[in-house]
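Every chain is named by a letter (A, B, C and D) in the order it is written, and numbering of its residues begins at 1.
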Amino acid sequence: MSTDFDLVIRHGTLVTAGDTFAADLGIRAGRIAALGRGLTGRETVEADGLYVLPGAIDPHVHLQMEAFTAAGPTVTSDDWATGTRAAACGGTTTVIDFVEPAPGESLAQALAARRAQAEGRAAVDFGLHMTLSRADEATLAEVPALCRAGVTSFKTYTTYAGFKLADDELLRAFRAVGRAGGLALTHAENDALLAAAARDLLEQGRRSPAEFARSRPAAAEAEALERALALAEAAGVPFYAVHISTARGAASLQRARSRGQTAYGETCAQYLWLTDAEYARPGFEAARFVCAPPLRTAADGAALWRALAAGDLQAVGSDHCAFNARGQKDLAFAGADRPLPAFNEIPGGLPGVEARLALIHGGVVKGQIGLNRWVEVCCTGPARLFGLYPRKGSLEPGADADLVLFDPHKRVTLQKRVLHENVDYTPYDGLVLTGWPVATLLRGRVAVREGEWVGGSPNGQFLRRNLQDELFTADP
Amino acid sequence: MSTDFDLVIRHGTLVTAGDTFAADLGIRAGRIAALGRGLTGRETVEADGLYVLPGAIDPHVHLQMEAFTAAGPTVTSDDWATGTRAAACGGTTTVIDFVEPAPGESLAQALAARRAQAEGRAAVDFGLHMTLSRADEATLAEVPALCRAGVTSFKTYTTYAGFKLADDELLRAFRAVGRAGGLALTHAENDALLAAAARDLLEQGRRSPAEFARSRPAAAEAEALERALALAEAAGVPFYAVHISTARGAASLQRARSRGQTAYGETCAQYLWLTDAEYARPGFEAARFVCAPPLRTAADGAALWRALAAGDLQAVGSDHCAFNARGQKDLAFAGADRPLPAFNEIPGGLPGVEARLALIHGGVVKGQIGLNRWVEVCCTGPARLFGLYPRKGSLEPGADADLVLFDPHKRVTLQKRVLHENVDYTPYDGLVLTGWPVATLLRGRVAVREGEWVGGSPNGQFLRRNLQDELFTADP
Amino acid sequence: MSTDFDLVIRHGTLVTAGDTFAADLGIRAGRIAALGRGLTGRETVEADGLYVLPGAIDPHVHLQMEAFTAAGPTVTSDDWATGTRAAACGGTTTVIDFVEPAPGESLAQALAARRAQAEGRAAVDFGLHMTLSRADEATLAEVPALCRAGVTSFKTYTTYAGFKLADDELLRAFRAVGRAGGLALTHAENDALLAAAARDLLEQGRRSPAEFARSRPAAAEAEALERALALAEAAGVPFYAVHISTARGAASLQRARSRGQTAYGETCAQYLWLTDAEYARPGFEAARFVCAPPLRTAADGAALWRALAAGDLQAVGSDHCAFNARGQKDLAFAGADRPLPAFNEIPGGLPGVEARLALIHGGVVKGQIGLNRWVEVCCTGPARLFGLYPRKGSLEPGADADLVLFDPHKRVTLQKRVLHENVDYTPYDGLVLTGWPVATLLRGRVAVREGEWVGGSPNGQFLRRNLQDELFTADP
Amino acid sequence: MSTDFDLVIRHGTLVTAGDTFAADLGIRAGRIAALGRGLTGRETVEADGLYVLPGAIDPHVHLQMEAFTAAGPTVTSDDWATGTRAAACGGTTTVIDFVEPAPGESLAQALAARRAQAEGRAAVDFGLHMTLSRADEATLAEVPALCRAGVTSFKTYTTYAGFKLADDELLRAFRAVGRAGGLALTHAENDALLAAAARDLLEQGRRSPAEFARSRPAAAEAEALERALALAEAAGVPFYAVHISTARGAASLQRARSRGQTAYGETCAQYLWLTDAEYARPGFEAARFVCAPPLRTAADGAALWRALAAGDLQAVGSDHCAFNARGQKDLAFAGADRPLPAFNEIPGGLPGVEARLALIHGGVVKGQIGLNRWVEVCCTGPARLFGLYPRKGSLEPGADADLVLFDPHKRVTLQKRVLHENVDYTPYDGLVLTGWPVATLLRGRVAVREGEWVGGSPNGQFLRRNLQDELFTADP
């Protein structure tokens, strides 16, 4: 084979969702051009002793997201520039974020504005889920056009003022998405249960973040997940549950799949590695772990690892939603003498886009999941489920040469200073991981090397994603 | 890229366990050398409109198998030559058969004899599972050497005189296999339940094949599967249940996997497409459907399709074990005036090695499983589970160029004359399938074209299979 | 023992929820005064060869219920007089009906009006559930007073305009009931799913009663039941699901109980004996089987019998709600030339108060449940769950002498003319049952003998029922 | 009512499996003669503020049982005299013990010998289960005669040399018992798993009692229970699992019952109150907790409480099998200089016959089960399941006047000196219970008062128990 490749990654161990094999990988014009042995090219990257993976896909991030707090609006500390750069440093080469239309704004307008915000700033390619926070006829009439524009997944909520859809609205939305060939996502927590639990605690004067897990009980997730599954079943729409956090939720999903429903489940690294014990931290420190759903019991975490391994959950996202512990979580941006917020006033969300791939590899090290399953749930599964195939998430010729070189033996102690996320803490502080990305390629160019961004100006592109048609649903 | 490929398959839709994408596939020296676009080579096969799959792997066949009947010994009608040629015609490029050591024969001797029998006759590459029909120290001491010789999976039985292992024997065998890094297979039916059910029927004078399903109740499978799973769990050995035929069996396996056990399940095409209604056929015709476990209810079949789709079962085999309806099933080889055998004297087994791949594609057509899942359960899953990765079951460079060109629109009515199996009937007689293989390549050479063998002399090789180590267990 | 009993039932086989034993039963002043051998009294009833049971309790009837149809209001054909007399003829000595407050009417007012309607007309004692069709503060503030007045169970709906409560309303209602020590009942079907299914059918012009089962899918019951269970769990209120009709619903309840929740489930005779095959009847005849939830599959029925036997369901009601086939189901009361109503305009409900006890005994005959379990689910369970202990549902001294003499060998062919219900058909027409009540005693007096009312003027009393406190919740 | 009772218990709260009610209870000739109000008799016992229960039935005790240890034979420290007196002090008025035929001894002979041993010594009435430690034709031919003699339950083992039956033997035994109308009991632990676990530990030199739980893994119970259930299902015999100790075992039983199988499960007080944390006690102290199956995790215990409450388990036994900590558990009877025994040489079994009733009442106090359910699982359930109805386990007229007066508010700290068991320790040492029996009546006579035996000479009778026929199976 001639030396007509732009770049060849040599001697690596290629790891995909299905295979682990030794091969060189030839890149031309930003794409994987060939997999073979003894390839040569104008440039060469030596990968002996390293895994070569398809770049990880984070299906669930919130960058530069406006949040409306009791103390006024704020915005997540990681914007499109910093958040995607951190993603790339962690081996994530595609993120899928959300469009959240304002009242009165059409979906198309909101999409255009969100794309404009990201383009020229995003360091990695990105897709966008559309949030359906209303289900009127005019809004749902836009769904097919959005699908044609490459926004093929639609997020709904069962809670949060301004977002929550009632059952009939959910069903209408699901049917519209199903007819258009899209995928329905749901944040599933029962709103009434959350409201009552919070109210009860506050009435007892229990307002510290230590109460947070109690304010969002596991039954709320279980209930809303059963509901969303039943509505999606009736609507005939493929369904994806974001951030499943409990054993009970995972069991609901498993039962639905065993009944034959097309349904998928995501969990997040924080539900696998952290527990509600964090809320016992002294003072306001527990606020760093406030996210919805909350951290759960150790038994929940163990069950989630098993569900990932057994195929009962299909993807891991980060739900990256970074707010600084000082200045944001404490609502200090609203003035120094504002009292500390109650548990339900703290901006919710954890950072995690950078460490996700390595955290899940930690499960491989501990024997909780297999090596190829790791790639499946972090890279290939999300790509497939969200219509990025065959361009992303695979090492096939024609695929974008988004790649990670991952050193399975490198030991890293997680702490703020080794991460590139623009936020003043990491919830994994002090955790020692074995295995860390050492280089990331974006469409054929080395963009990160040894934790340093070397990719020049940001060049992330908006990704038009495919529909859930037969060819690409491909049961994960 | 230069024209240095021996053969290029152009314009096909490559379908793997994970991906569906358009690419050319370049072959050199019998192996997949590259996947890319615009490849050229000395020869070209046009695959426009066709799927290009990794050759199917049948993990469960019985070719040229001696059976000891009440009327004396017989041998399955398909031998290594005819059976593997039929396999190739159906798109199966690797079969895994069994070694069954005779009393007094060492495992090594039995392996050598079985290999010698196949080599020079097998049209496709083949692996061998070792049958452990005893668990004495000397026998188990051979396990590591067998693993080194590439026989890395070991079948045990919970029933059949001469095969059945008691619990302590099973446990010893499982531990030996686990220590050696192998995979434990079990035919799981409770022997005492089978014996009692058969005895009861015979005592009532009910001896016709119409009684067959009643003679092997579903509870027998459920019980033995629970037992084998528990023993494998205790032994710490990866476990593979052959031919799961019931909803209850699939549920047992699912629960084990949800508990975190490394356990896999195979079903067979006959349990997905046929039901116990076949045993109501008039006269001795029901004998054609005598196989163990028996055909089950329609509800069982529906549950098995769901389990395949949901990831709760991981592989489909054929359990091809062909006996002629006339001359063998009726024991007529023992003389014309021998009375027709009782249900439990009929040589058990169905043919099916040829239609397996197309039968499971039928589930794709009916929307029961996805396209990539079809490749997973017929090709990639078996290859991975049985240590043939990365050589078989994938389209990765370096993999053997064992390939199927599959026309998803070709309609075929199954009947004896369209099949190449050396047996006088097909249990699927009259079934109309959409989708059929139109060409099969074996290590880079077109061996079957439009149902005709054009591959010259048989050249199947014995495959040394890998162990269940971390790299290759890769949760399927 | 002296002859100081008013009445002695001699030589019967006393059957209770726990026991089956030979004893005489002495009655004094309308109550069971003693159980013993050789009792004598002023009067004697000979019960040799008969079962003597506590009078059956029907926890779920709708007598003299106003229904608002598309063609205007109508009222169930059985009023307090006819319905309770039919109940008595079938061995049911207590019914629990519902109060349904009108808009603007207080719960207390509605209760008073409903009591007034029944008193002097009801032939058997009766309790009343309160329907909570709103959950405003003023309404819920009435709950404790109602409990004190003996109305200790509160029914909510997840569907039906004018009845449906939203999640936060359900939760508030459940909490109010829980705090007051009551029991929360829910009719669980997801309203949005029902609405969409009906709309879809109607849009396709499919309006005949043959469509009825399709208009209320099983998933609607499953979803709403999961929801009500989760809300009740959070509210800490004992929960009772009325008319569970599906295997999936029964499984939800079983899982809740296994998690430790205080939750009970009722099914009805029609879901045990009839299936959705009835909707295939020609012409408008299917309308006779229109009830909500609808009749289900045979597999559902089999699962419900198993759940009753295994203790996973705790009670059987009739949901008696009789409308004449001619004149009501067809809306003919609105005029002769009104077109036949669509499936969702047909007044819903089946008669069944009279045959319930014998129908469930049919399960004893067929070996589906045990003899004592029959008494538990028809008599004792409902009494205990609804706070009628120890006065009703038992044969203990001090209990009201409400008794049934049941001939286990009497064969009856169900048909309109053997029943006393005031309605022009029976859904069980032609069914042959073995076992039928031959006499019914109400507070010590023989009120029915061989199917004839001999009890004189109606004398049913309103029953003040107990709370769900520790002593009487007594896990059934 | 005249004063013709021998004894009247006045003003008590009668608590049965179904009811809680205020009544007097009249006794004549050792039997309950009447339940009523205002009864008078020659003697009176005042029970104001006390519960009056049917005497508890302990379905699982081992009194005066020979055990064959590594150091020679020994016998349980409680013999028929001391053990039954302790039982009576704890409110247990009937025990069911076991006959264990010696090799060569017929079942009839063994029964006669065992009866002879007990009669004249037993303080309470007693039944006997027959142990089937072999399943040859002659032995099984004795089953019907035993049933006629009142021994209607038959225990089998899946482990222990001299007891273990193979599958075909179990099936034969189950069929023989089923045909005779009896009940099949099984001690379910997989023998091969136990043997291997013990051997592994011993080979590593780990022989202390701290290893005991590890030597009998939960999977061994789960496996053997699934097996016994499947064999019983096939045999069509009612099945009773003794001493279920794990959540997994309880779930197996629940699934069988949901499938419609006639199967019951017992757990024991020690699995509800104690955990495997006891094995961490220093030195040889852990030996006091050696019993089979072993104590399990706290999560198992919580699941067992839930299963009891939900009706998924039906009875609580004590499995009382007392060996002195000093002199027996340590094998010191074999000589002072014998080394301490390995974990698998320690005589297995815990004392518990006396505190069982109060321990389970502890679950009522903690809200884990209801008051009537307590009576069901300790008194009525065992009586019904084992064919003692209507004579035992009930407060019906005609029933034996075996009664307990139980003070629900009396606080007792469990310790050796408050108990009457003839053994030098209690595993519940220091546990504080609320609720304790204050008097026990045996066939109408006060035999225990305030913890003192006042019953004179022992007068326990052998009980002929009924078969599992329709009348009495009565789903519990």
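Everything that follows uses one rule, which is that a contact is a pair of C-beta atoms (placed from the backbone, for glycine too) under 8 Å apart; a residue touches a chain by one contact, two chains touch by 3 or more.
Predicted model only: the values in this text are computed from it and were never measured.
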| item | value |
| --- | --- |
| Farthest-lying chain, centroid of Cα atoms versus that of chain A | D |
| Chain A-chain D separation of Cα centroids, rounded to whole Å | 55 |
| Centre-of-Cα separation between chain D and chain C, whole angstrom | 39 |
| Distance between chain centroids, defined by C-alpha means - chain B, chain D (Å) | 50 |
| Residues within chain D bordering two or more other chains | none |
| Touching pairs - complete list by chain label | A-B, A-C, B-D, C-D |
| Touching residues (chain side chain A, partner chain B) in the complex | 1-2, 4, 14, 16-23, 33-37, 254, 257-260, 305-307, 309-312, 364, 369-373, 376, 380, 384, 389-390, 394, 396-399, 470-476 |
| Residues of chain D touching chain B in the complex | 166-168, 170-171, 175, 190-193, 195-197, 217, 219-220, 222-223, 226-227, 230-231, 233-234 |
